[in-house]
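Listed below are the structures to be examined.
One chain, chain A, links the two complexes that follow: it is found with chain B in the first and with chain C in the second.
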Partner chain A sequence: MSATTLSRGKENDLGGSSGYLKWQAKAAPYLFIAPFLILFAVFGAYPIIKSLSLSFYATNGPKDAVPVGIANYSFLLSDPDFWIAVKNTVVYALFSIFLQLPIALGLALLLSQDWVKGRSFWRLAFFSPNLMGQVFVGVLFAILFQPQFGLINIALNKLTGGYIPLDTKWLNDSANVMPALVITSIWMYAGFNMIYFLAALQSVDKDLYEASAVDGANLWQQFRHVTIPAIMPVITFVLVTSTLGSLQLFELPYLLLGNGPGPDNAGLTIIMYLYDRGFVTGDLGYASAVGWTLAIGMLIISLIQVKLTGASREA
Partner chain B sequence: MGRTIGRFALYIILVLAAILALVPFVWLIAATVKPSQDMFVYTFFGPRVTFKNFTELFTTVPFARYIINSVFIACASVCVQLFLSSLAGFSLAKYQFKGKKFVYLLMLATLMIPGQLTIAPTYELLYRMGFVDTYIGLIIPAAVSVFGIFLFERSMRQVPDELLDAARIDGCTEFRIYRDVVIPVSRPMIGAFCLIAFMGAWNSFLWPQIMLHSNHRFTLPIALNQMVNLYSQSYGLLMAGTFLAILPVIALFFLLQREFVAGLTAGAVKG
Partner chain C sequence: MNLREFPFGYAALSMLALALITGTIILLNPPPKKEADLTFWTFAKPHYEAYEKVYHEFEKENNCKVDLQLVSGQGLPQRLQAAFLADLNDVPDMCENEISAAGSFFRGPVEHIGFEDLTDRIKADGLEEKMIASRFAPYTSRGRVFGLPHDVHPVLFGYNRTIMEREGIDVSKIETWDDFIKVGQKVTIPDKRYLIEMSATGRDQLEICLFQRDGGYFDPAGKVIFDNDIAVETMKFYVPLVAKNSKTRIANTLSSSFGAVIAQGMANEYFIGVMLPDWRSKIFENEIGTLEGKMALMPLPAVTKGGRRTSTWGGTMLGITKKCKNKDLAWKFAKFLYLNEKDLARRFAGTNILPPVRAAWKEPAFDKPNPYWSGQKLGRIYANLAPEVPAQYTHPFIGLAKSKFEQALNDCVKRYEAEGDKDFDAFVRQSLKKRADEARRQIARNPY
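Our next item is the complex of A and B:
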């Protein structure tokens, strides 16, 4: 805002403004970056430091805090509910990596073929589920997963000739909660990640394929030795971002399971655990300890992923 | 011959995948116009078409108010983010200044920090500032988008320095150069960023759920979640609400589709 007033002032003061012009040219980069720095200080740096110190307190709402040392962390690590949340979140992330991403890459490989007609239509169709936010997807799929009349049971029942019964419970049966979550997230995110893979595939140098074809490489060898190395940076990017996204899963199960963890905590995720302990129970200190534990876990996992994919690029 | 059959099989996969992706939308639209007695008699559209679900939506809950709240918050948030992020991006793209490396470092650090880590202390801070249950409390913590700074820094680097120097010789201030030279040529990136930022603000759930307490301030995701808890059996009502809630994003996407894909992949794919 200050920059606006500066430029106004200049327009009013035409004579003798060269000193001002010089000053504002020097100050401009700092003034332009200042809002980011101020907001970072207040809503980035401060909360991070504060959350670290807060994680050593037991609090009751924002007002009253009692120092407890590392008790939050030791309680966290001994709480079976936390480990259920970790297990669920990790299982979900593994399905994202090993099921959803290959589907996304497969669709992108199909669409990157030269002979495919109507590419922008297919791309739009596959991407469209991502336009719905997780909350709205949750509301819709909670109904689609209903026994008896839900679309998913009707379709599965018809396709399997009655093998999958109409009254299959998805969200009320602890064994089926995770499959339901995975199905929903594939619907929502496969097309989204496909966009990245497709953009990468389309920027691969066509000469590389021709050269390898001349050398007698078959389709699989081309894929393995030309395509994969060429799109490795994007694979790393998509792998890391979708893993981080999976580890922060919250809205989808929270909406699908009626604002709770589901039967036998089958849909409890780490963030749901954080939200419940921090904002429903009201212990912001404990929530901060959960947040730091998750952040450290996320950092370690993404470093490992970058290392692994980087190493395979060199091999 | 083998090639034709292969291609045909691959087209079938594409068609099946497209059906899987689009059928839930068709079901959703059908459910909004079915009277409740037809809801489960007909899987998709029934013989009767009604708009009662929509009229009920606006009479049972203050849905118009929720729409206005969401539109206001999303638009305000996008405008603030657009202005501050493009300004910062311009500064990094076109100036040499002390501490620039440090700024990049801060930006990378921000990208690495999960938002959930800062939820509790940010809530505490805003509570002390008196911003709990206000729109300011939703907009200000997200007023600068680091993703946006990267996006604009990248695209504004393409603007030739000669253009900026010419404006300087004409006596333009640096802010006028930003406003009248750099912003007009960055239009594609602005389109992409607006859509991405709008989707983020529009679909945001956890933070508004924590911050907003008064029903008349609720955004659509919060309101819809509450409706699921209150009217869990009124499927027509819930689907009508969901349909209206996703419509603006879909409309905006059709408007900005080309820019959106370019912006989304700008960070990940080079060239």
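Our next item is the complex of A and C:
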């Protein structure tokens, strides 16, 4: 074999190798994202598209599907149970936003003060309910809310000198179901949201407080004009996630109310309604229509929240 | 390649290595496959424990292997329903289902129901005569029977005898609900003690009263009937017993009819008595030991003198799935568990559950005095009332119908508490019709 042949062969090799490298460079990004794309296509995109198509059928499993056009959607909008579920879910979400989040922020402000002793302990104490599952919390509060023998009624009866009767039915009286749910969720989630606010408060520049104090700002003015703007991105995040979480409420009322919506559907949420129609009554087509209606509603609410809090401008 | 250059370093490499090692170990050591001729699911622990004692005998007799499994009561219907809907093979050969979940399996065309049609087998073996015929009704859809009844579940009134004696009440003189209410007004102390546990918001006890009067949610043809005259009369009778400020309020409830809640209610004399189907009597024996010897039973009061003195609460069916590999063997096992008189008598001693097989009631176990119930012959009292147990009919939308009936109860109680019995009849009719129409509207969408 001559030297010329050798060098030509080497050139070819190099040429081949360079082509392979070029192909590799082009293909690499696609290969890297391929596992995610394949999994998402199978377990994400396909079910999403399938559920959209299912929402136009009355179904009884894959074998029995009858096309019904938009009848699922029109029935849904005229079903009084659906509107009860919407009302309950919205009320719960409003309580989450206007009661639970201020409590969480208040706790965070309190526990970020240097004069509070044992702050680490209190942080853990307030956060710890979130370490328990919703199942356990549901069972626990079902016992605490007992009429006659439950701890909450006994305490309230003693504290109010008998004004609140021992016989108060939290979970068996439609008027008291929502307050019971809100109390339970505050106990469970206020500490969780407090952690987000605490982290945000710790990142606020202390110089801003000093400068505002020099300018004569009082505590409220500091909170209003320094703290709130500084932690606004976190407030928006907590607001959006809490709202979305509230709209998807299921386990807590389901367990607290004994595997059902409670008296007079007072604890019926949109997801409970979806679950009942899809998995108890067995019409997955109708349940898909409920799911899509909820998804569109959640998208609209989130967009409004982001717009109102100005988070999009921040971004 | 230098290991240090591995993307994201040693941590990612270690995790990948661990995943590969554990994955390989799992692949090389698959869990042993259960080789059974029959797989049987039950949701009730007492049933499981009873079957566990006897199924080996069946295995020996038939040279086969049975895999008996206890599955969560919540999980069983959902797993089974999902498997039926998706036409999966991963279903048991036979299983027991709770009565309230049974109807949901009968949705869709009859030929697509996941359970085997047992009608011909039941007829061939003459089981409709041997068992209480009304107990087949809840497991029947469009004239075909898909389940074998496990029980009868007659309902009695179980009460704290010592309180009644202290108050000078002779229960043998209570014949009708009117008599019962009079006694209730005497012994009830508002907010402190009530004659009977009945809910103003839940449907369990109202349903018992509805069945006692031959009412129901659906008729045998699947038509919604919970707004008929019987339902109206039942509601008008029931609401004043549970509504606040009612002159005849003799009932109240805690947040649950089960577990520690009812145990506390009974032990603290908040309730004098409860509606007591046979299965619940065993729960009392197990969970409220302090009342041993103090409790007693009496038939439910009748609606009118000489009328029916019982009703029904709960039930279980045994079904054979269409995917069952050996349906004849499964049917044989079903009969082995449900028809063996000696064994049924033994099982009664452990569960207090009265079997629907009439011949079994002759066994001495049913005449044994029960010390918990003041020495009364529990089995005989239930057996005497069993033939009177009313039929209840199911439907794929039974859950919806129950929920709507409960909503009507809540409407009526609120109205009664606000305005008393003024125009109450008209209100009850209107409320029941409204809720029944809502159910009808939803059911009408079902194309099957």
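Throughout what follows, the second predicted complex is superposed on the first by the 276 of 315 C-alpha atoms of A that agree within 3 Å, B and C clash if a C-alpha of one lies under 4 Å from a C-alpha of the other, contacts with A are read in each partner's own complex, and residues count from 1 in each chain.
One rule holds in what follows: a residue touches a chain if its C-beta (ideal position, glycine included) is under 8 Å from a C-beta of that chain, and two chains touch if they have at least 3 such contacts.
What you see is a predicted model, and the numbers here were worked out from it, not measured in a lab.
Superposition note: with chain A as the common reference, chain B and chain C are in steric clash. In the superposition on chain A, contact of A:F279 is made with both chain B and chain C. In the superposition on chain A, A:F149 makes contact with both chain B and chain C. Judged by the touch definition given at the top, the superposed model places A:P263 against chain C, while chain B stays out of reach. Of the two partner chains placed by the overlay, only chain B lies in contact with A:Q113; chain C stays clear of it. Comparing chain B with chain C, more residues of chain A are touched by B. When the shared chain is aligned, no partner comes close enough to touch A:K206: not chain B, not chain C. Of the two partner chains, chain C is the only one that A:L166 touches; chain B does not reach it. The contact surfaces that chain B and chain C form on chain A in the two complexes overlap at residues 62, 142-143, 148-149, 258-259, 279, 284.
The part of chain A that touches chain C in the complex is made up of residues 58, 60-64, 66, 68, 71, 75, 79-81, 142-143, 145-150, 165-167, 169-174, 258-261, 263-265, 276, 279-284, 286. Those residues of chain B that touch chain A in the complex are listed here as 7, 10, 13-14, 17-18, 20-25, 27-28, 31, 39-40, 43, 84-85, 87-88, 90-92, 95-97, 103, 106, 109-110, 112-125, 127-128, 140-141, 143-144, 146, 149, 168, 171, 173-176, 178-179, 199, 202-206, 210, 221, 224-225, 228-229, 232, 235, 238-239, 241-242, 245-246, 249-250, 253, 257, 261, 264-265, 267-271. Chain A meets chain B in the complex at residues 3-4, 6-7, 10, 17, 21, 24-25, 28-30, 32-33, 35-37, 39-40, 42-44, 46-48, 50-51, 54, 62, 107, 110-111, 113, 115-116, 122-126, 128-129, 131-136, 139-144, 148-149, 151, 154, 187, 191, 195-196, 199-200, 203, 233-234, 237-238, 244, 248, 250-251, 255, 258-259, 271, 274-275, 278-279, 284-285, 287-288, 291-292, 294-295, 298-299.
Within the complex formed with chain A, the residues of chain C that make contact are 74, 78, 81-82, 84-87, 104, 107-109, 112, 191, 199-202, 252-256, 260-261, 264-265, 268, 270, 396-397, 399-400, 403, 406-407, 410-411, 438, 442, 445-448.
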